[in-house]
């Protein structure tokens, strides 16, 4: 039987971000020849890494030539089809974010929403011509909105299509919106066709039949989830005076942000003057609650608060792994 | 009536080479905003320059949203269709060269030619799976060769398709062949599907009906042809002793490379010792015949040979412009 | 009421270092358009970030169009004026260090100190001509030194001013001194006009009248101080044998570098052979005392010393925040 | 007596363009040490090249520490003063073009012209606050327009001044206008304060008293003018049939673009079939008349038209040198 | 007595990696002038850093002009000689890895091993010509293999030596093997002459006679070893339920990867519902056993597993320092 | 028989300059794979281009594995030996200039010349230790100067050798002298060991025996010499009034810089007013005499002076080719 295969993006910013993301998860990729499209992951023997374009990743996994992949939710939804061959293992890896959205010429002043667009098109007596690289998702969206349309395919630079009469408007990926503005286009207020970011997918059949594939998925999900969970947390140590660990614990539980994953670790501290009531407190908090946590700690008498970084947080079993087992059953 | 439009490639090396090529022809493009897809050509008022992907250029000209374009012969042939809407004005601008060719795994040792491939596929009892971004040209080629096949589409990185079982072989653009070798593929000896380079095309209808479009084409072809002709020539001055201009001319006509476009310009030279028989000779020669020309000039007594660069050579009327008029008639 | 505003340097190395510094403090800046001069800080809602030149930052805060800023101490002192409108919140952010110093031609061999300079100038019978971009600070310094002088303004490249007779000497920012040497200039031994680094400043009036501004300052100072304190510390865990936590604590207090912020945290360790006297010791030390700390720990019997990084250290209340409240009162 | 000195910009695009411009004129600069601010020009011995900021160049020439300079017309007009010490030798070197212009917030919809601005300001009952790095030129312009104003100085990033209330509007250098648009500003239709490009200037006194300085100016102007004149011309050779040089000349004089600097050079051509009526014609034409010239040449029977580049065109005496002598007298 | 000296590579990737490596060890280098070959280490006063080529480092330490150095094992073994003047303090700093290996033309199909090579050369009746930059190591290897040979020296680009007949084969440094393949060469299966990586060396005499040198070595080895040990470890905290610390310890000792450096630190945790049996467990594990450690922890009931980074791990005394003392005695 | 081979430098600035130089001579190199060390020259079939280090080029030509090469005169003289196998075809290609020179510590104030050095060394009573990468040339120079010495080899960074006591002084390549100064070294006033630039060399035996090699050398020398000659010349056209070509010629011969290679070409000009005395004059002049030439032309009545570039100037037979034939005979 051939090696298992994981495909990741081969070019540009998405490629760099994916390699960086996996490295942060503890999964280093080794690619001996920069012009070849193969690599390995030393800590996961038996798994070959392939470098493909995002769309080819979806098609390769769907037809079984590749087993796992990291790609964009946009191209996944555009090309995943209806045969159920692609299983979505993780839908929010937290990078590669962009939006597929409808944009119209700035000069269409009365068209601010999708509803306005419908009114406008009805007044024309002909279908709307939309240029897009995502015909499937765009068609689904416009059909649901009851707007008569016709898709015009394009290889790139959709932004000039309306200006040159090639199409009436576009359905395209938008990040800062500056390129739209430079070409005198404007996104519709409620024209979001698909929000996208990087996702982890797998071939359904291989997971059902190959236990080694299941083991790889588990290892991938373990590290990915533990890393993503850790990214948003910090580890805090503080000194606090109190008659007992229980008394200090009670004070901490009375606050909202410093209760910890399970409970705080509280140990006695030896101080120079021999006061036996000092304790060291250790707790994990959400990074975006740091400011409140410090205030709460001070409010209940903590001092010498030391914050350290967290690399991974593992919970009992990766929830997405359990979800996948359920989906396979 | 809207401005006339010329589309050129918007990205990468082809974009840079096209801008550089037009500049060498004396046709400077002015693009005010790097993120916008529009520009102008100060010496050709009334002509807007658009920046599009090569394939979109073909489609835009075919459907009439753009009037003229520079694109690759490969995507032109792939997408030009059969309605005659695209007129090929110049088929060899001399840059952007590449070949669409068939490549097989290196391990297929008995398959060196297209004939070998046919034998191999016949032995399989199933059609050949070919991954390509050029389904039209590849299908036409394989059909002509009587090989049963099935096209597999791909977005990029075709080179790994055979290795992962996504396809049996590929039909792809090849320049140095190094990427093929790095992925253990080999081009077939006679598997050239389409040789390509940059070409100048126009919309047929607009040329038939819009005299201003004809004028623009003429100006474009004048400069392009004069530049391409000049690129391969050098201007030579030499001193030669002879009783008369006619005698010197006769000596020059006896040689093969120094006859000139029409005939050499021969003028008397005034020398310090008063010898009245010295003449200055001026002639245009082919750049790749320079070494022979120098030998021939020396052989008939020339000295002080000075070579200077040539920017343009104009002939009576651009031949390709005449060819186009004939095609329109 | 308009949003609160924080201005930071807009260009060059100082801009990069400021963004990096704030990021290290946990304060990420989001700037949607690289050519616009505005951004936001997601974790401090209601605060707009502006990008200005260091001098404009001082002037904007002084006249109240901006509320807070990070700039250089050199331009602050040059332009802060005497109206007390600028409050210096933090005077040593630890980066952007440079010195404003007097430099003379290398050929002035008898002028090594400011005193030598005074003697030299007195012998001339005319004032010293000094080229500088800091007329205020330089004037103040030379006046205090009793040297008659005249300031010559310049936009840049002060280093050639003495060579071309534009001025006698310069008062300029110096980092490695190589540019001075390349232009045959030499700094005076005691000619330091102003030592500078990046500082945090605020508008005095806004802090007196706007409680929301006070809250922002507190949040900025909390993170900045906690980060700067943490930068110079490390967290140490070690194993140590001792009858009791108190006995171990006593041994640690007998050393000079391992006493900890308050006192060490000491917990029993469970070892394989059941020896009940092993304890784990946790203490924070100064980074530059690591080598001594390890020696001291070994001297009192520690083993298995594990050092981990520290992200923040919070004390009871940011001292500079208290200092500011005092200044406002 | 010290060497003569020519100052050129020391930094950024203007520095690169000036070095490139002088090189194109045949004036190569040799700078031994990249961090030193001195160089030489091998073909003009006795002339030291200094690298300064544009404003410092104006001030240095005005106070006599530097003799000649290339700087921008904008900073020249801002800082040249009224003492007549700076002589403008060449006012259009053809690069470094930019415009000092008034710009207002996009939201001021009723203010499209300077007249609108006057009406607006009058309605306020207080002077207009204008942020600018060009107080002198801006004041002169606004005074002439009868608009009450107050100048606010700034070091950079003027574009945010109106947004933060630091000023009402700005007077700043504009090239593509994109930065204005990104900061929601709009130039006034007739708000051009000063059009600028690179210029060549000299100190008036040194030219009056130092004959060697005059010789250097002559050499600089010779090359600069000959290069600028050549930049816009091409050299054309063509073959033409005619009974005599005079007959051909007459035909050429009947056309508008091919008369030549003085008259065409016409020489007999020796052709293979012995026809004695062929002549070679050589003429210099304006580059932007090339297309017409080719048409005219064809119209009167020319063929084999060869175009070659021109490096310099010298006329009898540099007109600007004569103008300078007049100004000095 | 002069300052002590540490030489490190002066150029290219090895220079960057060495500076980065020392920085990771906590040993920052300060180099005031990029073009000078000297620097200092603020935390080790009295030690000058020199920047030399790897081979010059070996020679300088051998002849006593330099005291310590980081260089490659390859050039060390090539140039260390037999006088025992160079002491190898640390033989595996973990970066700068490469192999000195024998490579033959791809066309030598019967030569796959060193034994094959011997047979081949014997059949020639003349010695093998080997091009190399490592004559000493290559001679030693080939002599040991009983192959008659002749060394041909070369400055670089050894890869073309066989193709042009300059040598029969090469002995060269190999990393990915791609350059060999591009030049149609192939490494022998067992042709490894010397495996190399960065190493730390010292002059033997200086260590014997200069106690200050011993102190520097100790400090270098302390940090280097503590960093290298830490690089492969992680710090783990987990929550676990158990009647006592001893009971939990017993469960942990029953597993293979979570025993810790000495023993785990186990402290009671205060939980919200008052259950007194929860404990916090802290242990150091090998980074490459993380996946197993998590499984083992879960197997014995752990939850809330938090993993944090480790900067240094110090053991009782640097083993390599002890080894060095032994070597000196 | 194998193809003929030309070796050129493989790395760094010398490699780029050589490829650029050959291209300017009209000799384009085609290198299909950037990591391979082979290429071809389309206009010289049968000649393979190899890319080697400068020293390896000398050795390869000397031992006959390569036929021709471009390398530095410094390494040629260091390694050419005494067997006469290397023939120097062109000794001044005009780029890659540098000097091998002696440099001493700046602190040796009494040693300014080689004679001073001899006195200094004699006073020591021990030989001078000189670090160099050019032992042969340096030994020859010091022996001729009667200075007792000892050579110390080094791989690079010679500049620190004196500072660390590795050698007393150095003999090294010097360009701007800045690196010497940064390391407190100073070149001796008369310590030039060898001036160097790029040179063209060939193997003596191959030229004696292989007529095809002679043909290649001729072609190389033709283009190289014609290009180098042209580099320093310009082509001038001017209009001049005179009764006859002879009269004008006489006036030109009375001047010093405008006599031309042989004599000027003088043709009648047809002017608008019919004046029959206008002539067009064409002459080649030295580029560095342009300013004088213009003055002289104006002095004898010329106007409308047009200067155009020159690509090549061929004389009757390449003098260096004749020199080589003589050397071979």
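Going by the order they are written in, the chains are A, B, C, D, E and F; count residues from 1 in each one.
One rule holds in what follows: contacts are C-beta pairs under 8 Å (C-beta built on N, C-alpha and C of every residue); 3 or more make two chains touch, one makes a residue touch a chain.
Quick caveat: nothing in here was measured; it's all calculated off a predicted structure.
Trainee: Give the chains in contact with both chain C and chain D, ordered by label.
Mentor: Touching chain C as well as chain D, we find no chain at all.
Trainee: Greatest Cα-centroid separation from chain F: which chain?
Mentor: A
Trainee: If I average the CA coordinates per chain, which chain comes out farthest from chain B?
Mentor: It is C.
Trainee: Note whether the interface between chain A and chain C is symmetric in residue numbering, meaning over half of all numbers used appear on both sides, and answer same or different.
Mentor: different
Trainee: Check C-D, E-F or D-F against A-E and flag the pair whose interface repeats it, over half of the contact pairs matching by residue number.
Mentor: Most of the contact pairs in A-E are shared with D-F.
Trainee: Need the CA-centroid distance for the pair chain B / chain F, whole Å please.
Mentor: Each chain reduced to its C-alpha mean, chain B and chain F end up 37 Å apart.
Trainee: State, to the nearest whole Å, the distance from the C-alpha centre of chain B to the C-alpha centre of chain E.
Mentor: 54
Trainee: Could you work out how far the Cα centre of chain B sits from that of chain C, in whole Å?
Mentor: Once rounded, the distance between the two centres reads 61 Å.
Trainee: Quick check on chain A: which residues sit in contact with 2+ other chains?
Mentor: 33, 178, 267, 308-309
Trainee: Which pairs of chains touch each other?
Mentor: Pairs satisfying the touch definition: A-B, A-C, A-E, B-D, B-F, C-D, C-E, D-F, E-F.
Trainee: What residues of chain B sit close enough to touch chain D in their complex?
Mentor: Residues 26, 32-33, 43, 219, 222, 226, 230, 233, 235, 245-246, 248-249, 252-253, 259, 261-267, 282, 284, 308-317.
Trainee: In their complex, what parts of chain D are in touch with chain B?
Mentor: 176, 178, 234, 237, 239, 267-272, 274, 278, 280, 288, 290-291, 294, 297-298, 303-309
Trainee: If you look only at chain B, which of its residues touch chain A in the complex?
Mentor: Touching chain A from chain B are residues 5, 10-11, 33, 35-38, 50-56, 59-60, 63, 65-66, 153-157, 159-160, 163-166, 178-179, 182-183.
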